[in-house]
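I've put the structures underneath this note.
Paired with subunit B in one complex and with subunit C in the other, subunit A is shared by the two complexes that follow.
Our next item is the complex of A and B:
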């Protein structure tokens, strides 16, 4: 069962992630009073990118993005096959590091600043994700995802603060307002395209697919908070995603200082209080 | 229909336009016309773009800029000259510093006259450009570069 769902993730996460990205664009368009692109638009985009010429600044920039892709698939596969949550988070961090390194390597001023901001984003979301793993361990007594899922009650009941911290950093992982600093998906163009500025053709398509894997994986962590009942969990994951889009369309982008400060404050205050509460309950 | 024609990403460069055409270009992205229905994205990055959309005439100052943007775009690519200034130089044609339309420096694929251009004709031009994009893709593939 466990390795089976890991393989299912590797095979089907791109489709699911692509549809999530399509839903994102469709719902965002509706929120702005537009009709929006077809649901399968992200697949058309990636299909097109495979038909385009791939421009190269330095050969090695592609190697970093391939590592980003492989590590993203790896961390998601371990997660969905019920592996160790800490290993998952560290592999996920490594994927982010390679993404930033690829941006540095392309050595254009835009991707360079984009990579610096990506590193700051990683600093911002890391405490919340790690504390969430710690909180799940304190409640269920295990870092194994397979064991965490089997816990009979919804984790959110005991981890509300950690869930708040996790939800707060979600826009960073989905590259959305107010925290879409490193790569700008939509009409913001102050950094051209941030990290992905110097990437085109196949490598850009690969980055896009890696982001689809990332979407499914990050929503999977959100699912863990409601995992006691499958349908309730899936419903709440959808609600989280919908809320994320509303936040995206309702907020302006903040500076990195505000992102780092607020993400840490929320993670350390809400998450920290939550963990103190858990310690106190255990006596 | 191929993938290219379903997802044309546009880069918009304002040569020396009076901003009349540029406002119409942006109007095409707004709720009333919403070109994202056809997968059109206004990207600011030449390396991600398929269609170069130029407004305004070409002069000595913006010539290297236009060439630089064009050369950074990956094949296959299409150039649209939007507005009468971009097609021929328009009322600025006789100015001492104006070279003329975009076709003085780049191979233009679609000419879109108008002062200012209507958003409908911009959408029409992008649809025409997408057809040319598919033709160029076939030629590009035949040359064995992709």
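Our next item is the complex of A and C:
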């Protein structure tokens, strides 16, 4: 395992993630015919949050979010050190569970329903992510990220269906339309900011940074599909991100039934067919 | 020494049961049960010292009196059951009892007259692990039931105002009889003995489910009896067929014979295992069994009964590996896991969630057994251990909570962390143990996933969907416990020490086996797997290190509460209106009226309806079962 890249993730992912968030706002603004904020605006926002007072409804609600932050960093660090992909996904799920529990703990109706939707979103995306891991294992013979990136050919060639399923659930992880049900960064808010309604100040800043870590980590999984060549991989990751923004700006939020149903069906059909294809190839 | 210990484990609980039933005096129960439980737990721990290995160590245990006594007991029990069934006009049960008796006695005095087992008892590491679960978890539940049943009869009378007849001597007696029979199941090599103990567990569960003696309890007890007797019948047919074709009635011989020769007995006895472990299409008996007092559910779900079912199928794993029969059994388990997990989403009754989650997890174990590869069996044994401890804990918690709240609806558990803080903490540990990394069940699920991907990746798809559903229903339950809807006060009084000690012990065990599961697997599971397959399974040392780091990180979470309320300012929640009152549970709406806020979980009845999913599951699995017997017969 390469501890070095794990540590690099811990140190630099927030910067990268923050820039991704800034790019997101910039590009989205351009897509909408606006100029948009400076690239570093997310950093200014978070910096300001740190100076604000932290208001809570329940006196332990921020503790859950602090653990969400820690676990998020931890799961990404295992991933970037080349650890076991399944273990990474489980740790990532654990982080998500703490995030949802924070919303429950806050005990306001808006954060409560946001937390419900957050768990629903987790249930929606998990099959696609786990199936992608299974597909990568079938091709490369290992769940270890370090082994998967050593595979000489681009995985996308053999895993198009699973990639489609993975791309389909990406808006959930980036909290973007059409699947930004639990909380969202858009002006067209629903649920008064959903799960993060009752979080402010330092805690909200921490949640924001955790999401930056999450961006880098999730794009990292996307990178695996193109990892045979570093530059090609990085380029394609950018393309994925770009496409995600287009989807975000071109779609409206859907109901949870549509999210759960479509995410599951796409994973089942595209992922399932892909897995059958792999089994057939192996004989 | 080994022989003496096994005899002791089977006979001692039996003796305790007799003493309790004969004493019949309420004030003396603790005096008998507590010391007896201490002895039983101590004796179970001695099992570790048996230096059991992967290979079975056979014990002749030839006592002339055993078989006549067993036969006499079987005769008396059959007559008693037949009497009850006829009185109840349950023709299916009556017929099953009659057919089974004719077959059993016909075999004993007819063709099987000279049937003889070289060794009646045996043990290996798998038996020892099972024995530890029965001895420790089962006995802890017995201790719990002393305080619980006292409480139950104190405010006797259920919701309908129907007084529950106080029949505690029989209740405690049956618990210990149950433990005795379970030890018998784990250590019998003579299949007729195994069958005898198997049927005793059926009868015990029947008597316990109908404990309250109201209509629904009696009805559900007969329902459970029907399916388990059907399984028993298949078991008996399996033994008789085995004896007629292979001239043996021994488990070790059955497992060492060439697969092709013993397919039908394997199929028939596995069928019995599926009924006992409440797999679809038989699951409804276990769901119905929750009408019984909670310790009964705890016992049936964690350490006895259903575990006997998965035990026997998992025993056959190596023989099932790579066979069509194994594949069909695996499919039954897989479908049960998927359907059970989905149904949990729409359930609000805590005991029902636990029941369906048990069914689902047993499905996973059956899946492992059907796959039968070394990875799968390794994961299956681990699942049995983790599930027994966590599920025992969960049932005991829910039972105690129900007594305090007067309800076991999850929607009524809001603010449990304030109302019943210690119980809520234990419940949280139990729930975390069921689905969260790095706790027990998740470790096993991880192992199952790896096993199944190597076996057939298409199976993995269903596993993944089921496990996404488990995530959803456990988190929303956890969320409800920590969510605080109204101002609450602490009402955690009047829970007896007889309840606290087992719950505390099981909480400790849940955490302990998570922390120590790697060495546990090396000592208790690996040698068994190596003896069967020649090599064992590992999740990888690096991964183990990461799991340990994660567990210790989670261990720090309670420490974070030292910072409770520090550096934050409390304000009322946002309710989209002006908050009314100090605590902010009410608000003034735009029309000037005062409204209270409510928070309710998603249950998605339309999508995960119990009735519809059950129908679908039954339909699919019935086809599988027919295929299973047909394959065995080919």
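Criterion: the second predicted complex is superposed on the first by the 282 of 283 C-alpha atoms of A that agree within 3 Å, B and C clash if a C-alpha of one lies under 4 Å from a C-alpha of the other, contacts with A are read in each partner's own complex, and residues count from 1 in each chain.
Rule of thumb we're sticking to: a residue touches a chain if its C-beta (ideal position, glycine included) is under 8 Å from a C-beta of that chain, and two chains touch if they have at least 3 such contacts.
Values in this document were obtained by computation on a predicted structure and should not be read as measured data.
**Q** Do subunit B and subunit C fit side by side on subunit A in the superposed arrangement, or is it a clash?
**A** fit
**Q** Does subunit B (first) or subunit C (second) touch A:91, or do both, or does neither?
**A** In the superposition, A:91 touches subunit C alone.
**Q** Please name the chain, subunit B or subunit C, that touches the greater number of residues in subunit A.
**A** For subunit A, the partner with the higher number of touched residues is C.
**Q** Per the contact definition in the header, classify A:29: touching subunit B only (first), subunit C only (second), both, or neither.
**A** first
**Q** Let me test your reading of the model: by the given contact rule, A:160 touches which partner, first (subunit B), second (subunit C), both or neither?
**A** The answer is neither, since A:160 touches no partner chain.
**Q** Treating the CA centre of subunit A as the corner point, state the angle out to subunit B and subunit C, nearest 10°.
**A** So the C-alpha centres give an angle of 120 degrees.
**Q** After lining up the shared chain so the two structures overlap, which partner does A:41 touch, if you call subunit B first and subunit C second: first, second, both or neither?
**A** A:41 contacts subunit B only, not subunit C.
**Q** Scan A:54 for contacts with subunit B and subunit C and give back first, second, both or neither.
**A** both
**Q** With the two structures laid over each other on chain A, which partner does A:198 touch: subunit B (first), subunit C (second), both, or neither?
**A** both
**Q** Can you work out, in whole Å, how close the C-alpha atoms of subunit B and subunit C get once everything is superposed?
**A** So the smallest C-alpha to C-alpha spacing between these two chains is 5 Å.
**Q** Under the contact definition given at the top, report the residues of subunit A touching subunit B in one complex and subunit C in the other.
**A** Dual-contact residues (subunit A): 53-55, 192, 197-198.
**Q** Which residues of subunit B touch subunit A in their complex?
**A** Result: residues 2-4, 6-7, 9, 29-31, 34, 36-39, 42-45, 47-48, 50, 72, 74-76, 137, 140, 145-146 of subunit B touch subunit A.
**Q** Flag every residue of subunit C that touches subunit A in the complex, lowest number first.
**A** 436-438, 442, 446, 449-450, 453, 457-458, 460-461, 464-465, 467-469, 471-472, 475-476, 478-480, 482-485, 540, 542-543, 546-547, 549-550, 553, 557, 560-561, 563-565, 567-576, 584, 597-599, 601-602, 607
**Q** Where on subunit A does subunit B make contact in their complex?
**A** 25, 29, 32-38, 41, 44-45, 47-48, 50-55, 187, 189, 192-193, 196-201, 204
**Q** Inside the complex, what are the residues of subunit A that reach subunit C?
**A** Listed in rising order, the residues of subunit A that touch subunit C are 1, 53-60, 62-63, 66-67, 70-71, 74, 78, 83-84, 86-87, 90-91, 93-94, 97, 100-101, 103-113, 115-116, 119-120, 122-124, 126-127, 130-131, 134, 137-138, 143, 192, 197-198, 202, 257, 260, 264, 268, 271-272, 275-276, 278-279.
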